[in-house]
Each structure stands twice: as C-alpha cells, then as structure tokens.
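Below: one structure in structure tokens.
Letters A, B, C and D mark the chains in the order given here, with residues in each chain numbered from 1 onward.
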Amino acid sequence: MIVSFSVTPLGVGESVGEYVADAVRVVRESGLPNRTDAMFTSVEGGWDEVMDVVRRAVDVVAARAPRVSLVLKADVRAGVADGLTSKVETIERHLDAGS
Amino acid sequence: MIVSFSVTPLGVGESVGEYVADAVRVVRESGLPNRTDAMFTSVEGGWDEVMDVVRRAVDVVAARAPRVSLVLKADVRAGVADGLTSKVETIERHLDAGS
Amino acid sequence: MIVSFSVTPLGVGESVGEYVADAVRVVRESGLPNRTDAMFTSVEGGWDEVMDVVRRAVDVVAARAPRVSLVLKADVRAGVADGLTSKVETIERHLDAGS
Amino acid sequence: MIVSFSVTPLGVGESVGEYVADAVRVVRESGLPNRTDAMFTSVEGGWDEVMDVVRRAVDVVAARAPRVSLVLKADVRAGVADGLTSKVETIERHLDAGS
C-alpha cells in the first residue's frame, strides 16, 4: 500500500521544518520507497512496515514537542507494484491521451 | 491519543454503508472508547491498540472490496484522559464564555 | 454535500481550544446543519455556502495565529438530504441487521 | 497558501486514473503552481483562486461519477512565497545539517 502522511508538532512555534526533517529522516532511513513534497511524505510497503515507519516518525517528533498532529491517507490495493511511480504514470498517460 | 478515521471501499458501487458498518463493528467490539458520525469514526487509546483496531477495520473492508482508501487524523498528546469527551467540553466552555 | 474539517493554529502553543471555539462559533452562526466532535466539525450544504463557512472559520483563526493548518474531507453526492443524520442511521441499520 | 487535495470518484469501479487525470488537467490549466504525486495534487495561490480550482476539479469528476470524495489539507501562512519549492528546500537543509 501507499501511505501519505504529515506530522505537525504543536507548542513549538510556527516554524516546524526541523521537526518535520526529523520525521523525514526516519522515513528515508527505513529503506522503503518514499517521496517528500511540500505537504506530505509518501511511503510504500506492507501495513506493518509502513505503519512502523509512521509510528517512529511520530515518536521522533513527539520526543521534542508536547503535542503532535498526524494526518494520513492510505491507498490499500493488492497486486500493485511500485505504486509511487506507476500511479503518476497512469495519470500522465491519460492526460497525454486527452481522455 | 485520539484517532479519527474513515474507510472507503472502491469498486463496490457508490453506496458503501454496509462496508463502513463492518468497519464500525470492529471498532465497537474493540472495547475502546469510540464515536461514529457521518464522516469519521473516532477511537481513543494507545498507539498499538488503536492502530490494531484501524488495521482490522481496513482488513474487514478489504476482504470484500478490491481497493480501500483510508483517511486518518490523530491527536497525539501525553497526559490527556477521556479526550473524546474532554476536548468537546473545552470547546463548549470557550463558546459559553464568549472568548 | 457534507464537509468535515479541522482548523489548527500553529505558533500559539499546544492548547488550541479557544481558537477552535472561534471556528466552531462561525459554523454555528452560519445556520447550516453542523456537528462538532473531538476531532472535526461537520457542516452540510451546497459548495458555496459550506466553503464560505470554512473560509470564515479559517480566517477567524488566522486573525490570531501566524499559521493555520486546515484538514478537510468532503462527501459530494447529489440527491442526499440530511446526510449528517441519514448516513449514521444507515450504518446503524446495517449494524442492527448484522450484515 | 498551499492546498494538497485528492479527488476520488465512487461508483465507477476501482480504477480511477482517468477521472483523476480530468481533475489534474483542471489544475494544470489553471496556471497556478502545482505538483502531482501518487496520492495528492498540490496547488499554491490565494484562497479564492485555489478553491476555485479545487471546485472545478471536483465538478469535472462529479460530472462522470455519482459520488466524489474530496480530501484536502491546506497550509495557510501569510508572507510565504513559492512554498511548493521552499518548504521542501527547508527540510532538505535541515536534513543536510543533521539537525
């Protein structure tokens, strides 16, 4: 499955980039396929391995902030390989075809 | 922590109430404090117990649908008891005070 | 349509209840059907009227906070009346039926 | 502000790429800065122009599907320019610094 998630610390001021960086580091060190953009980090794998990464990303932020907000969207679909790339390619193909 | 989540099956038509009911049943049978409204089911507890419930709620829907979309928002805050009730009470108190 | 949304101010500390109360007040004064629980406020109506409420709820929080995070989930479906109540009733009916 | 959103049609089967492509086309033709990955499309601008794009993206999908689910996360912060790029750069800078 693919999980896109965002971790936001509360009680540490309005600039949260260094906290988010801690969470992104956890994701990258996991070895799972991942992408980070301005709003979400996406990671792909099975439920246990992905949710373990999300949990550790939340924990590393919670270690430095009194409150953490987690927003997560998951696409659970059997038999999809390399969804992080293939889903975007499918959309681009439809756009190219003008469908 | 409190987790609010929504499970949506794809590929089973536009009426998804019976699938959502399966997910809600899993939550209610968990014994954890929970609430269901028109858009989300909220459940309160520790990470492991709450995420185990979410996983089983996703699994019960995925058993009958080829694809499942999960949307989740969590409020992770140490030392908050009975947040499902107390958070709403706090808001009502502020509203009553006209603050 | 039904919109469930959550407004979180950043840069004002970890206790955000009074800011959230400002947003809920905007929703209640709108006259649209609405519900507030521990994680989201739901409001029902047409796109323009609902999004106008969401915008004003964000604005009232942004007036007192340097940064605001908005999370929103909408269920857009023609021909559904009183969805805030009817969707929950549908789920309860399925649960009662043991389906 | 930056808005990341996802539009999912219900009642059209489990493969929704061509519907999502319609929504992405609306975003790209808007002229606003935007990015699409496997889970969300992000677009940056003022409230009115961004929400007009989101509405038209929902409408184009709703024209072909009986029900549409919209998930949206917004980062509302005054004085941030080119947030789609600068937020990622900030995170990378923190990661490089090992902070």
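Keep this in mind: a contact is a pair of C-beta atoms (placed from the backbone, for glycine too) under 8 Å apart; a residue touches a chain by one contact, two chains touch by 3 or more.
In this text, all values refer to a predicted model and were calculated from it rather than measured experimentally.
Asks: By the contact definition above, name the pair with the higher C-beta contact count: B-D or C-D.
Replies: By number of C-beta pairs in contact, C-D is the larger.
Asks: Could the interface between the copies chain A and chain B be described as same, meaning over half of its residue numbers are common to both, or is it different?
Replies: The interface of chain A with chain B is built from mostly shared positions.
Asks: Can you compute the centre-to-centre distance for chain B and chain C, using the mean CA position of each chain? Integer Å is fine.
Replies: Computed from C-alpha means, the inter-chain centre distance equals 15 Å.
Asks: Roughly how far is chain C from chain D, centre to centre by C-alpha average, rounded to an integer in Å?
Replies: Averaging C-alpha atoms per chain gives centres 20 Å apart.
Asks: Between chain B and chain D, what distance separates the C-alpha centroids? Give it in angstrom.
Replies: Roughly 25 Å, centre to centre.
Asks: Using the touch rule from the top of the page, what residues of chain B touch 2 or more other chains?
Replies: Each of 14, 66-67, 69, 71, 73, 75, 77 in chain B touches at least two other chains.
Asks: Sort out for me which residues of chain C touch chain A in the complex.
Replies: 8, 10-11, 13-14, 16, 65-67, 69, 71
Asks: So in the complex, the part of chain A that touches chain B is made up of which residues?
Replies: Result: residues 47, 51, 55, 58, 62, 66-78 of chain A touch chain B.
Asks: Using the touch definition up top, name the residues of chain C that touch chain B in the complex.
Replies: Within the complex, chain C touches chain B at residues 2, 4, 6, 14, 17-18, 20-21, 24-25, 28, 35-40, 42, 71, 73, 75, 77, 83-85, 87-88, 90-91, 93-95, 99.
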